[in-house]
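Down below is the structure, laid out as structure tokens.
Note that the chains take the letters A, B, C and D in the order they are written out, and that residue 1 is the start of every chain.
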Amino acid sequence: MKQAELTQKVTEYIKLNDNFADWLGVEVLDSRPGYAKISMKIRKDMINSFGSCHGGVTFAFAQTALAFCSNNYGNIAVALETSMAFTNPVFEGDELIAETKEESKKNTISVYCVNVETKSGKKVGVFRGTVYKTERQYFGGITVED
Amino acid sequence: MKQAELTQKVTEYIKLNDNFADWLGVEVLDSRPGYAKISMKIRKDMINSFGSCHGGVTFAFAQTALAFCSNNYGNIAVALETSMAFTNPVFEGDELIAETKEESKKNTISVYCVNVETKSGKKVGVFRGTVYKTERQYFGGITVED
Amino acid sequence: MKQAELTQKVTEYIKLNDNFADWLGVEVLDSRPGYAKISMKIRKDMINSFGSCHGGVTFAFAQTALAFCSNNYGNIAVALETSMAFTNPVFEGDELIAETKEESKKNTISVYCVNVETKSGKKVGVFRGTVYKTERQYFGGITVED
Amino acid sequence: MKQAELTQKVTEYIKLNDNFADWLGVEVLDSRPGYAKISMKIRKDMINSFGSCHGGVTFAFAQTALAFCSNNYGNIAVALETSMAFTNPVFEGDELIAETKEESKKNTISVYCVNVETKSGKKVGVFRGTVYKTERQYFGGITVED
């Protein structure tokens, strides 16, 4: 199987089976090997006690982008360290877009940055994640052609 | 009003009004000025595509502990930077406990660490957050006696 | 004074007066308001016990880039939180280049990413820093024309 | 060889062979498997352009504590991600003490927090590091008795 084809299969698999990404309402805008662009809309049940989007929701959205891009080569990747700078508040009704950048790709360790902004282009989060790529495959027995 | 009394008022206010903390199912085990200990139970709708708890949920839980402790002096505090090392996987049914430690307290900037572990004592996350304390009060017009 | 002119004055001031940047052997390749690009060469006295460049040196180099870009509007900025992913080892003789990106600029808080790579283009570090901009000016009494 | 004995051998080896730790003037106050406590004194050549200790120096000191504790089981460990919150300024003449805490220890990945404070007890930095433990040993051919 071609890598691009396997990446699509994994992306669809995650989309169908990740319960929390489903709760977030994540849509996949684009997915290529080591890359993902996703969106979501902030709902009332994501709001904190002073009327903004809970920082944990914005963070979890970025971490979901990390999951889509770091798993989509075909192997399960687990986050070791993730971090985010919160640069603007997010409100109910905001549509967020998260886009990943693969900063480093090694056999077991990869590093990604994720930029999170509103649809209107206001940057709300600058995220980085370091993942450990396990040997567990989403679809065992598949050989990736180069 | 005594600080301890105001802290209880704010804690109850957050508990009642934070929609996302409510979705997480957060319980407050303890709350004192600059300190919070909370719990939650991992449900099926928090699970990712390979059967573990979504890292964003564990992170959001730690960030909720940060919110409880950094806001409970009475002013709204917003996260500037948060980060977590994920040290063990979390599964459906796990009961998580997050306990905060105030590492530094200044007029506008405070730093907290949050330890996240299962009820049985397995450490699952080591979190740190730096917050900016705004001048907006939860309950305006209250004077805190020392 | 024009901002660009003040930025040059501050850059020269830091270059002349930062003792540790001097020890690192930092050269300023480019400097504009909110931006800096610097270089250094790894010497024998920067090496750790197993023959690589000490991670603290690579980190300090990135933090120096942060200092040049976050201070060069004219006010003293202090780091609140800094972090780095180390993506490749660095060795004696390597020439490192650090380039900053201003991710967010607010009145008191700004966020920068710094990319660190060797002259030959091997990425060695992905850094982020959040700074607090004080009211202390490098050159008091200067009015910046827009 | 007993683990405690090997830990002493590695600690002495790092102390003798880490050129940058030597430049920092690091003293080892205590060292046990997975633990280290070190000190240093801030000199004039570590000062930045506005008269404080360069943040990169304080960070590098914490990273050196990380190196001592994460390597002292006998295998070379490399930092994947390190981060620090800066909680108070540091000045020339300050004596700093860094003490590590092993938050998580796995076969390949370990997580450490490092607390950095002045001799008089003022906390100046809260550091965390995630390391990857390689199979390269400091002293090959040694079997560690339990």
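Please note the rule applied: a contact is a pair of C-beta atoms (placed from the backbone, for glycine too) under 8 Å apart; a residue touches a chain by one contact, two chains touch by 3 or more.
Just so you know, these numbers come straight off a predicted model, no measurement behind them.
**Student:** Measuring between Cα centroids, which chain is at the maximum distance from chain A?
**Tutor:** So the chain farthest away from chain A turns out to be D.
**Student:** Approximately how many whole Å separate the CA-defined centres of chain A and chain C?
**Tutor:** Averaging C-alpha atoms per chain gives centres 29 Å apart.
**Student:** Distance from the CA centroid of chain C to that of chain D, rounded to the nearest Å?
**Tutor:** Distance between chain centres: 23 Å.
**Student:** Could you give the separation in Å between the centres of chain A and chain D, each centre being the mean of its C-alpha atoms?
**Tutor:** Spacing between the chain centres: roughly 33 Å.
**Student:** I need the residues of chain D touching at least two other chains; which ones are they?
**Tutor:** 80-81, 83, 85, 130 - these are the residues of chain D that touch more than one other chain.
**Student:** If each protein chain is taken as a node and each touching pair as an edge, is the resulting graph a line, ring, star, complete or other?
**Tutor:** Shape of the chain contacts: complete, all pairs touching.
**Student:** Where on chain C does chain B make contact in their complex?
**Tutor:** 80-81, 83, 109, 130, 132
**Student:** Along chain C, where are the residues that touch chain D in the complex?
**Tutor:** Within the complex, chain C contacts chain D at residues 13-14, 16-24, 44-50, 52, 54-57, 59-64, 67, 71, 76, 78-86, 89, 136, 138.
**Student:** Looking at the complex, which residues from chain B come into contact with chain D?
**Tutor:** 81, 83, 85, 87-88, 103-104, 106, 111, 113, 123, 126, 128, 130
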